[in-house]
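Below, each structure is written out as structure tokens.
Okay, so subunit A shows up in both of these, paired with subunit B first and subunit C after.
The block that comes next holds the complex of A and B.
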């Protein structure tokens, strides 16, 4: 029994290393000196003999690429801000509009409630291509194309956060709400002062997953934004080539940092959210 | 459903209203308009019946994209489910170590595809790192991006990104199996394999449908990875439905695109049916 156990453990460690490997490559790339980068990438760029090489630790770590990016790449910062604006606006809207909707679906009985719930479930699982044309047409009609609103508004009305928060609001015991209703007859106050605190795990899960989704979006800006100055980082970075490897690696790293911070601080909520959106208790 | 669990009343509808209005305005009504358009000629706006659908289905690019998408799902689904299930079963038994490894597997879920574009270029270039590694091992290099190998690069990217996601789902299913079942089996002298086949797998059956359906739907959304791997003009072995939609969009052939969107919507709805039946109890 002992041998297969260690064998599995070894396999899993290899897999886990593979999962982390691309990020490690990026990290070392961002801190490599230009000389080492051009040596490593030489066979790909200058058609010299041999193959590209890499090391997980740079020989002489330096911040030169990061500095070069900060000083000489004027196009980078507007895109970073675009990403921040879009993500921030989307998340704020999702909380303001989505949380009450989830509350209404979870804690009240009204006609067609099941139909609406089914609608949100189906919309949550539709690939973007299904609504791509319709989204484009409606944004065009209201001249929202080529503005950041074309990313924010459809994002705000995404079905996923509503469904996720619905699952969490559902699990609050009714007895607690009964006692809250003794204090106030106002349904909104019950939501605001009892529902929101008790369902906060669901809201944070929705924020974490929503952040990763929004920070990562490629299809939507590609379809709705022609103006390159409005692009978010997620659309801009894949257009960089290895020619200017230093700043490109540094830029990729800067785009990764917010996502890593959110991941590390919200790991448990991320897991809860993934599970809650899929499996019911 | 317990009695009195939900309060009757219109208040709930008012909570829902803003979100519902936005959804109707941005998603639902425009989509109904697209359904309508799918039966009209793009130029003269006359009723053409199913002509747009026929035109879309006859496009060779459509058939190629469908075939590639299907092939992609057929390859990825079993690989992803089996790999994540084994990792999940093993991690479930570890304590601290399992947590650390799970975090490592979940990490790619958080990594923006865009940040990895450059690394992927360097790794899969025909003179890139992977070929360098293969060369050291004495294996002939492969031109990853410009041959059918591109398809496997995409499969690998999908597995990389989604493994942790499925592991978390399996772990949730596994934690629902009562420990006493395992103990009883061990007392009866059942081996690890027998326990896995006779207890773990049958108990996971309800979770299986959900994990399968969600992974399948996520495999429709690999466009980001495809874009990461090959940009706008991929090798034809990884030309997916998403590329086709983008091309239609760029060529402004909205009539075909409308028909394609309706067809895709129907396919996804059909795939959702088993999931819906499981969710029935909840409503």
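The block that comes next holds the complex of A and C.
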């Protein structure tokens, strides 16, 4: 029996709604009044009687929380910029270090190439908790603890973007590179003028995914940073309480906006990357 | 030609172009409006965040309190007690006059100084004459009333004496009458006792012995009677049998019976004699018993007679006691002192007072109704009005200037501990007048009407202040020196405990910052401007907040005034 298309659409809509629920809650919470937030969240956070509740549309919509965050919470902005510096530094480093590394692994033949590739794979699979202690010791030896470099440098030398760009560089046909080598013998120029343009989709994909990872990281700052003035935005939200729930929602919303914009700007490349990975030469 | 072959034959440029077409999907697409828009939005968002960063920091700087710091000082905690008061007379004399007489004129004002015998006010002559006449009439009435009271008291005294005498007579008569009755009853009792004792002196037959003897005699009689009856019966039976046997034998039954009876005759006779003896003994025993009972009955009757006489005697005694007690109480009642009657004394006092009133009125009349000052002094209060009658009590008050004046003021009870008699006092009369120094505190007393206030007095030398003039009193009390003193503006209080706000460096998201931290302290002594603290909580050299342009609480971020 043929299943109607409407059923699939409805199912997809439900799944999409479930996935979007946290964002919708965030949106409504950012524009709720403090009284409404206390009523809804009081049973969960302040142990008042009753059960927690929520409404997607605020009964008393107000910009108070947003204004309070933007004008009356000076501690929010240093953390925002810290997140931006860490993320920007990490992405820039990944392009400067990771892209050539991926190009080398993809287009060059050298002894133990597969071993190195295997090591990259293993490193990529390891969670932060496994490498946290060794990373702490290395950073402490280089006197980088309690600085933003303790977040940037491990991100710069991360294995995941290398792996991602490796796949894209690997899919470039050798014939194009041969033709490029006809014009120049300089391997860097081949990489710079041929490899980078053709592998830009992979690089942008790595940038987008790297941005999301770096923007949201929370364990590394908690482990490597002691000074509060260096904390990124991901450590701001857990410090807030029921009394500051409105600014917490507004802060979450503001933290979400750059991630959405970055994703929108790189969505095409992500899709292309998925397609390219499916095409065989 | 295959595709591969065709490709191999292409020139290099065309190969590259063809590869570009084949892998066009790998190139960065151009002209995607959403991506460009997203990038533009991202750029705008970052600019907006930069703007709000600046605005937020500006707003934060505007709201942060600006504070001043000071270090504790080594100084004394001076207590200055100030109060407003006025000079009052040390002693005042009330000028009295006869109330109710119309005032014709008043010759003085409040605050005016007068000499002795100076006219103060004048009473209306006609009214005064009328009042004098009325007073004299009233005096006569009071004298008559007094005489009547005295006569009445004398009669009452006579009646009382008579009542006492009668009560004594009654008591004596009761004693005599009841005494005779008691004597008679005692005599009767005595005789009954004597008879009984005589009867009891003789031996009393033992009734039980006679009763037992009688019972034995009775038993013997019954036994003898029964034996005699059995014997007779036996004789009869034997006689019957003998007659029968004789009849059977053909003999004469009468003869047989006679013969039988002759055989039994001795036995019958013996039994009969025994029976008669038993009856006789029984009778004797019964008589003896009756006589014994009779003797016992006589003693009982004597006992009853004695008991009856005893009862009569007791009743007579009781009656005598009752009568004598009643008579004694009557005597006591008659002799009880009566309630003192003060009517006579009151009447006498009233008469004397009225005499004095009449005397005063006559004097006033002779002086033309003019009331003069009894001594030199200052008129402090005039309680008269021209045309109105003189009120009850004082007509006006005259302060005795010769004895000087006192300054009085009131201070709160909380400041009383800083005052002590003999302490130095400064008076500021104000209005350009010279301050009075060298004065000392005379007394400190709690106000009777308001326990939260204390009345303080300062004796004023003669001529320093006019009576009624006001001034500000200032008393300074210097305490001991304390090493840690802070201004009161820096001291905060919460739930009965004191604390200071001290600056403390903290590291926040915004970097190194100053916050106001709470430092609990113990106050040893406090004045209106400074407080002495216990050194234990506050380190010497530790600065604290004394001034802030905004309200500051513990935990608030602060900025130093000059930073």
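The definition used in the following text is that the second predicted complex is superposed on the first by the 239 of 281 C-alpha atoms of A that agree within 3 Å, B and C clash if a C-alpha of one lies under 4 Å from a C-alpha of the other, contacts with A are read in each partner's own complex, and residues count from 1 in each chain.
Throughout what follows, a contact is a pair of C-beta atoms (placed from the backbone, for glycine too) under 8 Å apart; a residue touches a chain by one contact, two chains touch by 3 or more.
Since this is a predicted model, take the numbers as computed values, not measurements.
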{"item": "When subunit B and subunit C are modelled together on subunit A, clash or fit", "value": "fit"}
{"item": "Touching partner for A:262 - first (subunit B), second (subunit C), both, neither", "value": "both"}
{"item": "First (subunit B), second (subunit C), both or neither touched by A:159", "value": "first"}
{"item": "Residue contacts on subunit A - larger count, subunit B or subunit C", "value": "B"}
{"item": "Which of subunit B and subunit C A:137 touches, first, second, both or neither", "value": "first"}
{"item": "Included angle at subunit A between vectors to subunit C and subunit B, based on C-alpha centres and rounded to the nearest 10 degrees", "value": "90"}
{"item": "A:123 touches, of subunit B and subunit C: first, second, both or neither?", "value": "first"}
{"item": "Contacts of A:51 with subunit B and subunit C, given as first, second, both or neither", "value": "first"}
{"item": "Partner chain(s) touched by A:249 [first = subunit B, second = subunit C, both, neither]", "value": "first"}
{"item": "After fitting on chain A: smallest Cα gap, subunit B-subunit C, Å", "value": "15"}
{"item": "Subunit A positions touched by subunit B in one structure and by subunit C in the second", "value": "236, 262, 267, 275"}
{"item": "Complex contacts: residues of subunit B adjacent to subunit A", "value": "2, 4-16, 18-20, 22-23, 25-31, 33-34, 83, 86-87, 90-91, 101, 103-123, 125, 127-129, 131-132, 135, 141, 160, 163-165, 168-169, 172-173, 192, 207, 210-211, 214, 217, 220-221, 223-224, 227-228, 231, 241-242, 245-246, 249, 254, 257-258, 260-261, 264-265, 268-269, 272, 275-276, 279, 282-283"}
{"item": "Residues of subunit A touching subunit C in the complex", "value": "70-81, 84, 168, 171-173, 175-176, 179, 182, 197-201, 204, 227-229, 231, 236, 254, 257-258, 261-262, 264-269, 272, 275-276"}
{"item": "In the complex with subunit B, residue positions of subunit A that touch it", "value": "1, 8-9, 12-13, 15-20, 22-23, 25-26, 29, 41, 43-44, 50-54, 97-98, 100-101, 103-105, 107-110, 113-114, 116-123, 125-138, 153-154, 156-157, 159, 162, 174, 187, 191, 212, 215-216, 218-219, 222-223, 233-242, 245, 248-249, 252-253, 255-256, 259-260, 262-263, 267, 270-271, 274-275, 278-280"}
{"item": "Subunit C to subunit A touching residues, read off their complex", "value": "12, 15-16, 19, 23, 25-29, 32, 34-35, 37-39, 41-42, 45-46, 49, 52-53, 55-57, 59-60, 507-512"}
